[in-house]
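Right after this note come the structures.
What follows is a pair of complexes built around chain A, which joins chain B in one and chain C in the other.
And then the complex of A and B:
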């Protein structure tokens, strides 16, 4: 019998969230499970932005490979939590969905982001438009607030980190920290709950 | 878009589409298991691990335990709980089951140990034992972390099979080692020749072993040596006797000891305890008594009967010869006085002699024959007389009296000795001789020095004195002494201070003088014998002294009674007369000058004689009372003392009496008879003599006798001068009934007083006679200075005249007296 990875990561996420809210995260404080997951995602090699033509195509291939690996990992750990796909042929805009299970209820949100022209030096700004204005940990337009502890890590690992890393390190901890608060404070409602309430 | 990118896109999509594997949460699993329990699908106990993540069945746990023990041989339950990850409680439970199921397992102090483990341990131990030749079990036990008892029980089962060695006192030894150590023990034990405490021997052996083995040598316990030793003693490899388990006496030693003692005792016929102590016998008395039952145990030594017999013989000899002996001089030099006394107490001849009173023991070791002591006592007694006499002479006051009494004392004491010694004629004779000799020396102006000379003389013949009669003498005097002791002691206690008591030193000194052979006999300190001897003799001497004193006092008491009676009579008579005479003085009270003359006359004559009689007799009385010998035979009726002597004598009286006596003596020199009377009464009262007062009846009878006396005197009187005084006295008696004692000077006054009482003719006769007497006396007084020729004639004529007148005068008195009667 092995310990389910999810439960461990759950704990680590709560940790992280706590750290986020305090606004003083440290690399050292990073959860070992999150870390191990992160290390299992293949690292990227090509340093190229959307404007770099052939190089960008190479980069994009690598991004896909990383995403595939991450997705397979999630699937095998029964921890599948997002669906994304490139919205244009250049692969500079991505859309999809992400979800989080809280109290046995699945809360699903739209996910969208653009690859900035300075990529990979600049991390993509992940947007959850449905949650725009519902939490302080968010920029205008639903861009999640990751600056404090994601940005240095990203900068340090440029160009080896890609989209998969950004999701793993950025969005996943953010969801784990913010969704339970938002649910408990009633800012967001489960769609099954929301529907009957609107009906009534 | 190149193909590869598209392919990747497709793959990504596929990956996202793929069904994710479903995982049950832990909680779900737990719930599921619970559900299974509820549904009784799992109908047995299901244990879970400490982590709470695993379920395990008891059978599995037991199997795991057993396999663990089989693998390791020895596993602690705590370790099992760790390795199986199951709670200790369940592990213990299942371990018990496992041990019960498996006979080769044992559960010891929280550990399961298999027999296989012990086998391997025993093999290891054996290997080590063969290397080191000895191992301490305690050491092994600590290494293995098991109890010594357990290890012992385990090893004992394997001794001789797996472990080749010997277990002794918590140590394992190889046979070779045991043989070696036992050889050492045997060697050491055989090397010992004196009694030894074995533990000391073992410690030295241990030391030796450690030195041989170096630092690696394990300390061998004494009990191991002891066990080996005991075994060897039992086998007879070592000879000797063991006392109290540790005190070993080799038979070599005890044999040598016995031989030594035997030879010493047979050669010397005594043996000192000290020698035995040196030979290592701690309780010599018991040892010797058990070995020589006929011997005698003393304080310092043990003697053979032959030695006692020797002493016996010596003592017997000494007693026979009437001599003395220091038993120490006969005994070996190492003997102390206590030993000597003990030997003496066992000496039969001495005991019988003591019983018969033939001998004395003084100062532990000195035996004196009775005759010797008696001899010495006699000498001392004589010596004591001299001593006392000289002491008394020093006490006495006036010289002549002292010399007289001294001479008397010696005389008396020598006679008293004679009387004392009468039971034994021979010694008595001796003493008479001696007494005479002493008297001789006394007579030739003897003082102390001469007596000492005398002593030196007597030394020559004293030891040669015959001693055989002395036993008899002793018999006579010992009960006598005791009697005196009981009776006289209290009586004489008060007087004892005044007696010259001979001190112990004195007695010792004298004894030394009598028997100068004390030193010759080789006694370093003769005082040790002499002091007790002196202590014995001193009370005897004192008693004899007291006895004598008592006899003297008895004698004196009789004399005193006589003296007192005599004195009383004398004083009564004289005092009554004095009172009679005093009455007569009243007649002359008016005439001052005559009164004085008469008073003086009375004081000089009758009063003085009363005082003298009183003084002298009281003095004698006092002397007698203090036990002195006084010869009152020459105590003449009238010793007239002069005033100086009187005062001297008065001063000898005791205390207040002396003052009063002096007052009496002084009053004699005064002018008034009354003062004398007062002083005399005072004195007499104190000295216990009754002065009778003159009453009428007595006065008359006295006067009558006085008158008769006078008449007879007058009629017999031939001297004309003294006739006058008597006639006048008689006349006074006739006319006044008063006894007048008048001196010559007062006669004329007395005569004139008679004028009115007498007839004219008679008065003239008296007057004429008186005048003639006066002239005659005047002529006699003058004639002593003048030429004799005419005065003698005149005296003769006057005398003739007076003689002629005498019958007239006589007739005058006698007729009247007769007529009056």
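And then the complex of A and C:
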């Protein structure tokens, strides 16, 4: 098990945020690993949401192709860090897991999100329900805060970015920035520490 | 209170009656006294709720909840205030702005309010107005209905506890806006105005989608995440810019961005800024519904500098929203007739006002016409009025690649892809 390569430090994330606020959402400021990974995830072409019938089915295929490519890439780079699959046949709700390695310990969380009716004009709101209320960089219901580091990139690249891009550029840097803080501050515990040992 | 006073007077009457009567009948008087005392206790303990009123009275008495509102009519500000009872307003997002807007409209005697929110009241909301600590844990919509029906039982309240951004929530949202049972003769949808009081871009885009599809006029409101600025915006599908015509505008805080500390929290809030924005929003709503004054197309509020930028935005002919483009086409078709009718009305109004209001103008007072509002093409971002900036970038130019082969059309392909991902997920 290795530490995910896509660890954007908190400092570089904040610099990135300020770049974005000046109105130039570029990939400057992101670490080279994330950049090279991103360029290898297939871009999407169909601009369609869940209310668009046949066009949505086409979009869904592109989403799957991008997710498959990204998952394969992660596995071959020894950087596997999430599982995601559609929870309904329409492909409007997705559930899975994501994990992050900190100090050689693996922390795993449930991951879920809905595809909004205005997709892809608006990004999916990624939720980590188990962390709800544990960090301020989160909205109600465990929705992670993507406002500064991700939303401008999504807006600029609509409709070419999909679920895979949201995980790579939205969730991965969030985990890299937040999980170490949550662990170090004692807000989350490793599963082996959480249950008191019954052996004596 | 009025009932308590009357019971007190009744007790006094009984007391004086008792003194004037012979001792033989005193025991039944005592019984009567006990009854009245018991009733007084009941009145004191029960929450006072006034009965529903059939009409809005203009009578100036302490007990008339509408006397000060109907006075607007007598003063010539509003031509027909009572029409407010015919109107339905939908409020999306019952948070710091939406709940206060709902209370204002309830106190104004609006006909019907539709309230949408999926959230619950929390103690963390107590820095804002309206909700009370004992309502923590209730859904915002239920807590709002509880308070609002006590304030004004004449208002028809409908609460929808749902998330409008999900496919299912959106369907309920659309059908509730279309329901016309409150006023079947109304043209168009079942509501007169939609107020967006949500706190995120995604939900605003959903309200925009619904209103573009229903050809429904709506107003947008927002408070910045740093709690020091806000805005309201009027959106008439096809006639003004829709919310997707250009990246959203934000009122710049006017302080150096680099000095703002953003680490740690995703949103701050103040009851003051939210109260001001709710006030601006409902004032614009009242002007729009009751047809008085100037309805602002966009009004910003920068609280650090007390600066209020205004502007007007034309729709973007290249808008990415298909329903917006449909509404734009329809508007261009009816525009010549509308412009002619408007010019005729203005000419008639001018004729009426022709006679000088004040024959002598000793102080040379003149009214300066300040109607020159900036009208902007939303597609050109470099011409924004001072103090306004874009929240998000415009999507890059992008030409659709040719579809990758005919095999893309089959549904089996989708199932095949799903299986491939599952196989990868399995190891």
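We take it that the second predicted complex is superposed on the first by the 169 of 200 C-alpha atoms of A that agree within 3 Å, B and C clash if a C-alpha of one lies under 4 Å from a C-alpha of the other, contacts with A are read in each partner's own complex, and residues count from 1 in each chain.
Just so it is clear, contacts are C-beta pairs under 8 Å (C-beta built on N, C-alpha and C of every residue); 3 or more make two chains touch, one makes a residue touch a chain.
What you see is a predicted model; the values in this text were computed from it and never measured.
Q: Based on the superposed arrangement around chain A, label chain B with chain C as either clash or fit.
A: clash
Q: Tell me which partner A:139 touches in the superposition: chain B (first), chain C (second), both or neither.
A: The answer is second: A:139 touches chain C but not chain B.
Q: Pick one for A:121: touches chain B only (first), chain C only (second), both, or neither.
A: second
Q: Between chain B and chain C, pick out the one touching the greater number of residues of chain A.
A: Residues of chain A touched, chain B against chain C: more for C.
Q: With the two complexes superposed on chain A, say which partner A:65 touches: chain B (first), chain C (second), both, or neither.
A: After superposing on A, A:65 lies in contact with both chain B and chain C.
Q: Touching A:151 in the superposition: chain B (first), chain C (second), both, neither?
A: The answer is second: A:151 touches chain C but not chain B.
Q: So, A:86: does it touch chain B (first), chain C (second), both, or neither?
A: Touch partners of A:86: chain B and chain C.
Q: Between chain B (first) and chain C (second), which does A:78 come into contact with in this model arrangement: first, second, both, or neither?
A: first
Q: With the two structures laid over each other on chain A, which partner does A:57 touch: chain B (first), chain C (second), both, or neither?
A: both
Q: Between 2-10, 20-28 or 452-460, work out which stretch of chain B sticks into chain C after superposition.
A: Once both complexes are placed on chain A, chain B clashes with chain C in 2-10.
Q: Quick check on the output: what are the common chain A residues between the chain B footprint and the chain C footprint?
A: Comparing the two interfaces on chain A, one with chain B and one with chain C, the shared residues are 57, 60-61, 64-65, 67-68, 71-72, 75, 83-86.
Q: Under the stated contact criterion, what part of chain C meets chain A in this complex?
A: Going through chain C, the ones touching chain A are 119, 163-167, 170, 200-202, 205-206, 208-209, 225, 244, 247, 257-258, 262-267, 320-321, 389-390, 392-396, 398, 400-401, 403, 408, 411, 413-414, 417-418, 420-422, 424-425, 427.
Q: Could you list, by residue number, the parts of chain B that touch chain A in their complex?
A: The contact residues of chain B facing chain A are 1-2, 4-5, 8-9, 11-13, 15-16, 18-23, 25-26, 29, 53-54.
Q: Which residues, counting only chain A, touch chain B once they are in their complex?
A: Chain A residues touching chain B: 1, 3-4, 6-7, 57, 60-61, 64-65, 67-68, 71-72, 74-80, 83-86, 89.
Q: Residues of chain A touching chain C in their complex?
A: Answer in residue numbers: 14, 17-18, 21-25, 45, 47, 50-51, 57-58, 60-61, 64-65, 67-68, 71-72, 75, 83-86, 90, 92, 96, 114-118, 121-123, 125, 136-140, 145, 147-148, 151-152, 155-160.
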